[in-house]
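As written, the chain order gives the labels A, B, C and D, with residue 1 at the start of each chain.
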Amino acid sequence: MMFDIIRSGRAILHVTDLEQSKSFYEALGFIESEADEENIFFRGLEEHNHHSLWLKKKPEPAVEAISYKVISEQDLDELEKFFISQGNDIKWLEKGTQRSVGRALRVQDISGLPLEFYAEMETVDRLLQRYDLYKGAKVQRIDHFNCMVPNVERAYDYYIKHLGFACSEYTVGEEEKVWAAWLHRKPSVHDVAFMNGIGPRLHHVGFWLKDPMSLIDGCDVLAALGYGPNIERGPGRHGLSNAFFLYLRDPDGHRIELYNGDYLTSDPDFKPIKWDLDDPMRQTFWGHEAPDSWFDEASEVLDIQTGRKLPQHEPKLKKRKPQFVI
Amino acid sequence: MMFDIIRSGRAILHVTDLEQSKSFYEALGFIESEADEENIFFRGLEEHNHHSLWLKKKPEPAVEAISYKVISEQDLDELEKFFISQGNDIKWLEKGTQRSVGRALRVQDISGLPLEFYAEMETVDRLLQRYDLYKGAKVQRIDHFNCMVPNVERAYDYYIKHLGFACSEYTVGEEEKVWAAWLHRKPSVHDVAFMNGIGPRLHHVGFWLKDPMSLIDGCDVLAALGYGPNIERGPGRHGLSNAFFLYLRDPDGHRIELYNGDYLTSDPDFKPIKWDLDDPMRQTFWGHEAPDSWFDEASEVLDIQTGRKLPQHEPKLKKRKPQFVI
Amino acid sequence: MMFDIIRSGRAILHVTDLEQSKSFYEALGFIESEADEENIFFRGLEEHNHHSLWLKKKPEPAVEAISYKVISEQDLDELEKFFISQGNDIKWLEKGTQRSVGRALRVQDISGLPLEFYAEMETVDRLLQRYDLYKGAKVQRIDHFNCMVPNVERAYDYYIKHLGFACSEYTVGEEEKVWAAWLHRKPSVHDVAFMNGIGPRLHHVGFWLKDPMSLIDGCDVLAALGYGPNIERGPGRHGLSNAFFLYLRDPDGHRIELYNGDYLTSDPDFKPIKWDLDDPMRQTFWGHEAPDSWFDEASEVLDIQTGRKLPQHEPKLKKRKPQFVI
Amino acid sequence: MMFDIIRSGRAILHVTDLEQSKSFYEALGFIESEADEENIFFRGLEEHNHHSLWLKKKPEPAVEAISYKVISEQDLDELEKFFISQGNDIKWLEKGTQRSVGRALRVQDISGLPLEFYAEMETVDRLLQRYDLYKGAKVQRIDHFNCMVPNVERAYDYYIKHLGFACSEYTVGEEEKVWAAWLHRKPSVHDVAFMNGIGPRLHHVGFWLKDPMSLIDGCDVLAALGYGPNIERGPGRHGLSNAFFLYLRDPDGHRIELYNGDYLTSDPDFKPIKWDLDDPMRQTFWGHEAPDSWFDEASEVLDIQTGRKLPQHEPKLKKRKPQFVI
C-alpha cells in the first residue's frame, strides 16, 4: 500500500429535524462542537478533532459519506491514484468546501458505499477530564462503521488486499462463505464491518464508551428523557468482538451502537477468529435475540456524484438472519 | 398485630437433579452451607443464617414452602392463634425435624401459597469480606418472593390487614383493580409481590446483588459456563421498583431473579407508587419486552399437609399480560 | 421503649457562605428542594421527604442539630417524657417554626450532642427515576451520623438501653473498653456511630450512594470542578461496616461521607462484629491510612437552648488514634 | 526508521520465591501459561501470546529485560544494524534458547535499560470470553513499562528520533526541562514512560484492566487474601494519562500498576499534553499524595552481557519529587 489509513473518522448523516436530533444525541452524551441552521457537528469526550458525527438537515434521512482519516495529504494523492487505477469515479472536495476538514477525496467503494478520506481536521479542546460535562452514556469517540453489503467476500478481499485492513473476526455461513467480517486499521476489533444483506447500506455507526456502567447509565438517562423506545437492542454482549453493546435508533432511524469491550489487535500473528453463523453465542453471548428490525433495517447511502440514493441489491448469500433466531 | 415478621427468609424448592442444581447455583455465586445426598443448603455472601435456599431432591420440581423469619418463638405462637382463628389448617414442624431451623409453623395462605414461619436458624460464618470467594453474580442475600395468584386484591388486603405488610408499589388494571402489588416487612421495596395469574404459583425468588456490575459479571460467567439459555429476561431495569434485574431459569425451571436497585421504605408517610398496567415503563423502564414464558410459566406449589400439588385457578382479572406486550 | 425512632433524618449545619456551599453540594449531586437568602434545603435522589440536609447561613460553622425521624406525634410525647424523667432540659419547636417539618423535640443527649426528633416532614417528588438529573456522586439518601464523644461506652449503653438502638459492629481498645460503636434503628449498619475523641463533636454525616461507580464518578466530577482538595480520604473500603467510602470536607470544614456497601441487620440473632482497634484492616480494609485531620478534626455542636458552642471534653480512653497509623 | 516496533511485549523479572510470586500474581488474576521449578510464565486474559510476564527464580530480585515485540524477523536485523551503528554492544539469544519466543535481540538502551526485541512468540488460547476464569483484578494485557532514568530528555530524544516512538504527554520541571515523558508505539498513552530519578531502574510494569470495577474488585480480593500491605498507592486517578490506577508491590518489591482509562493516540495531529511538575492534578487528579516509597524505590536492572546489576546514577534534574508532595 502506498497510503496509510489511520482509522474511521466521521459519519455524515442526513437528518430531517435538527432540533430533534440535537436533543437525542445530547442525551447520549455527545458534545456539540459547532452548529448552525443546517448542520450540527458532534464529537466524543476524548476527541481532539472537531467532530466525528456531522448531521446535515435534509428532506430525507440518508448517509452522505463514511470517512476515514489518513496520515497525510500525500496519502490522499496515492488513494486517488489507486481508485482511478481501479476505474473508480472519484470526487475531490477542496479545503474550505467543508467545515473544519482539509481537502477530501470521495469515492464509491466496491460495494457502492460512499467513502471519504481526509488528512486534516481542525483540532478542538479535548474534554476527557471535564467530568463535569459527562452526560448520558458519556460517548468517548467514534469506533467503527457497520455496513450491509450484498457481497461480503468481495468487500472483504478488497479492503484487505487493496486498502490495507486486517481481519479480527469473521462469520461463515453456507458453504464456508464469509457472511460477515470485522476489519481494522487501528489495532482494535474494527474500523469497519460488513454483513451479508440488502445493500449497500449503513447498518450502524459505533461509538466507544469508557466502561460498562456508562452504557447502563446511558439506558437510564435515555429512558428518563423518553427515549426508551429508541433502544432497539441490548444491553447485551456479542460473542463476536466481545462487545458490551446497546443499539439505538436516532429520530430518523439511523442506528447508533454504544460499545464497550474490545481488545488489542496489533500483532501480525493474531489469528482472525472464526464463528459459525448459527452459533447462538456469536450474536448474543448472553441475553436476548435481536429483533427483526435489527436484521432488516439500515440507512440508505448516497451517490457521491449525484447525491441521489443508490439502488439496493439483494445479498449474494441466501440466509439473511442466523437460523437460531428464526 | 401480636406478631412481628422480620423478612423473607428462605425458599424450599424440590429439584430433580442435585448435581445439576449445584452447578447452576454455584455458577451464580451462591455459597453451599451444607449438602448431602438429598439436600443442598445455599446462602448468599452476607448471610449469617445457615441458608436462604434449600433444594431437596424429589421426583418432580415444586415449591414446598416460602418462609418468613419472625422475631421470637412467641411470634410463632401468636401466628398459630391467628391462623387458627381464621379457620386455617396449620402444621408444626418441631425443632430437630428440619436441618438448622427451630420449630416452624406451616400454613396455606389465603391464596393457597405454602407459607412457613420460623424464629431460629443456626448461624454460620458470614463471608461478606471473603472477596476471594466471590464468584458469578456474587449473590448477597435473599430479597423477596414473587407469586402468581388468581385474586391479587384479596391477597393484598390480607397481607396488609392481617400480617402487617406495607405496600411500596402497585399496578392497577381494568376498573382500577389491583393487578399486582409489592409488599414489605423489612424497609425495602418488597418481601413478597403478588401478580394476577393462574395460581397459586411461585413466579420467582429474588436475590439481592451488591451492585449493577455484579449482574453483568453474572451474565458473562453464566454464558461462559454454558448457561446462556438459562437467561430468560434481562438485564434491564423495571420501572416498578427501579430494580436492575436478570431473570434466570434453574435446571428445573424454577425462576430466580438477580436484583439490584431498591430504595428505603421505612417511613409511614411513604405513599405507595401507583402504576398503570399498560404503562410501558412499568415492566421495563428501558430495554426489551418480557418473553411470553415470563408471563406464563411459574413453579407449582404443594399442599403443606399432603405434599401434593395444589390445583390451579384462573385469575380473577381477565388480562394476564400487559397490553403493550401483546 | 414506648417510642419508635425510624432512622436518621436530617442534619442542620451552620455554614458561612451559602453560595459556596450550594456549589459544593450540587457538585456532589444533591438536589435543592428549596432555598432563600438564609437557608438551603438539600435532599438525595430517592428521598420523598423535603430535605435531609439543612444549611443555615451563620457567622460561624457549627452543628445545630442531628435529627431522627419517629413514627408518630405520640412518639414525640413519649420521648419528651423519657428525657424529662432523665433530668434532661428539652425544647419544643412547634409546627410552623421550622420550614417543612412538624413540631420537633430537641434535647442534648448524654454526650451533649444536640438531638432533634420529628414525626412529620413535607413530602416532595422523589427523583429516583429522573436519571437525567443525576450528577456527581448521585447522592441517594442520608444514611448516618458519626460523632466523636469522650465516653463511648456511656453513649453506647444509653442508646441501646434507653433509645432502642442495636449494635452492628464495635471496636475495642485498651482493657477491652468500647472505643467505637456502630448503632442502628433501620436495619443497616448504622444510623449513628460513636468514636472515642474530644467531644461532643459531629465527625461526619454519611450519605448513601447506589453503587461503587457513583463514588468514582463523584471523585472525577469533584476534581474537574476544582474540589480535589476537598477530598480528605478515600476512596477506600472500611473493614468495619464493609463500606466503600469517600470523605469530603465542605467549604466550612464539615465532613461528608459518601458511602456504598452496607448489609442487612434486621435479625435479632445478628451478633455484633467486634474489631480490635489496632487491627489494620478495621479502618482500612485496603488502601491508605487516614490523614491526621480525619482523626483530629470534627464539627463543633451547639447548645439547644443558648445556641452557643458546647465546651469540649477530653476522651476517656487515652488512645485517640489506632496504633498502626502512628 | 527501517524497523517497526509494535508494542511493549513482556517483562522478565527475577524473583526469589516462586511460590510466593505465584500466589500473588494469581490473586491479581494473571493466567499461568506454563511453569517449572525455575520459571513461571504469566499472561493476561485477552493475550494470545504465550506470556507477558516471565518470573525467573534467582537469588536476588532484578529486572533481566523489558521486551518489545516487532513486526518481523527482518525488523530484528534492522534493529541490530541500528544499535551497532550507535556503538551498542548487542546480544542475540537464538530461537530455542528461551521458552516460547523466537530469536531475540538484547541491548542496553541509552539510559542503560536492558531492552529485548523479538518478533515471534508462541500463541496460546485467548481466554477473553472464559469469564469463569476471571479472578482478582482480571488482568487483561500488558500495557507499558515505566522507568526511572537520570536523563529523561536524552531518553526522550532517543526514543522519538531513533526508535520511532511518539509522545502523548510529558511533564516539565525546572527551566522547562522534560522531567517525565509518556511515549507510545501502539496508539495508547504509552508503551514506555521515563521519569527523572536515580537510574536506570524499572519503576513499574503496567497492566491493563477492562474497567474501573475490576480494579476495585482487585483491591477487595487482594485484601481478603492478606495482600492489603502490598497495595502501595491508589486507587486514584492520574491527571497525566487519565489513568485510574493502583500500584502494588510484589513479594520481591517489583512494582505492578493496574491501569484503566487511556485514550486513542493514533493521529499525527495529536498534540502531546504538557503538564507542570508542580501541578497538583498531574500526579493525582483526585485523592491522596503518593507515599515516599513510590518516588524512591524501583527495581534494579541487569547488564545484558554480565548479568550483574548496573550501577545507578543520580538524576540530572535536581528535583526528584513534585514540590506539592513535599
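Basically, contacts are C-beta pairs under 8 Å (C-beta built on N, C-alpha and C of every residue); 3 or more make two chains touch, one makes a residue touch a chain.
These numbers were taken from a predicted model, which means no experiment stands behind them.
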Centroid-based (C-alpha) most distant chain relative to subunit B: D
Higher-contact pair (C-beta pairs counted), A-C versus A-D: A-D
Approximate Å spacing (C-alpha centroids) for the pair subunit A, subunit B: 44
Between subunit A and subunit C, centroid-to-centroid distance (C-alpha), Å: 50
Centre distance in Å when subunit A and subunit D are each reduced to the mean of their C-alpha atoms: 34
Interface hub residues of subunit A, defined as touching at least two other chains: 129, 211-213, 220, 223, 285
Subunit D-facing residues of subunit B, complex: 27, 129-134, 211, 213, 217, 220-221, 223-225
Parts of subunit B lying in touch with subunit C, wherever the complex brings them together: 6-7, 46, 48-49, 69, 71-72, 120-121, 123, 128-129, 140-141, 186-187, 210-213, 239, 242, 260-261, 263-264, 266-271, 285
Parts of subunit D lying in touch with subunit C, wherever the complex brings them together: 212-213, 216, 219-220, 222-223, 228-229, 231, 233-235, 237, 244, 280-281, 284-288, 291
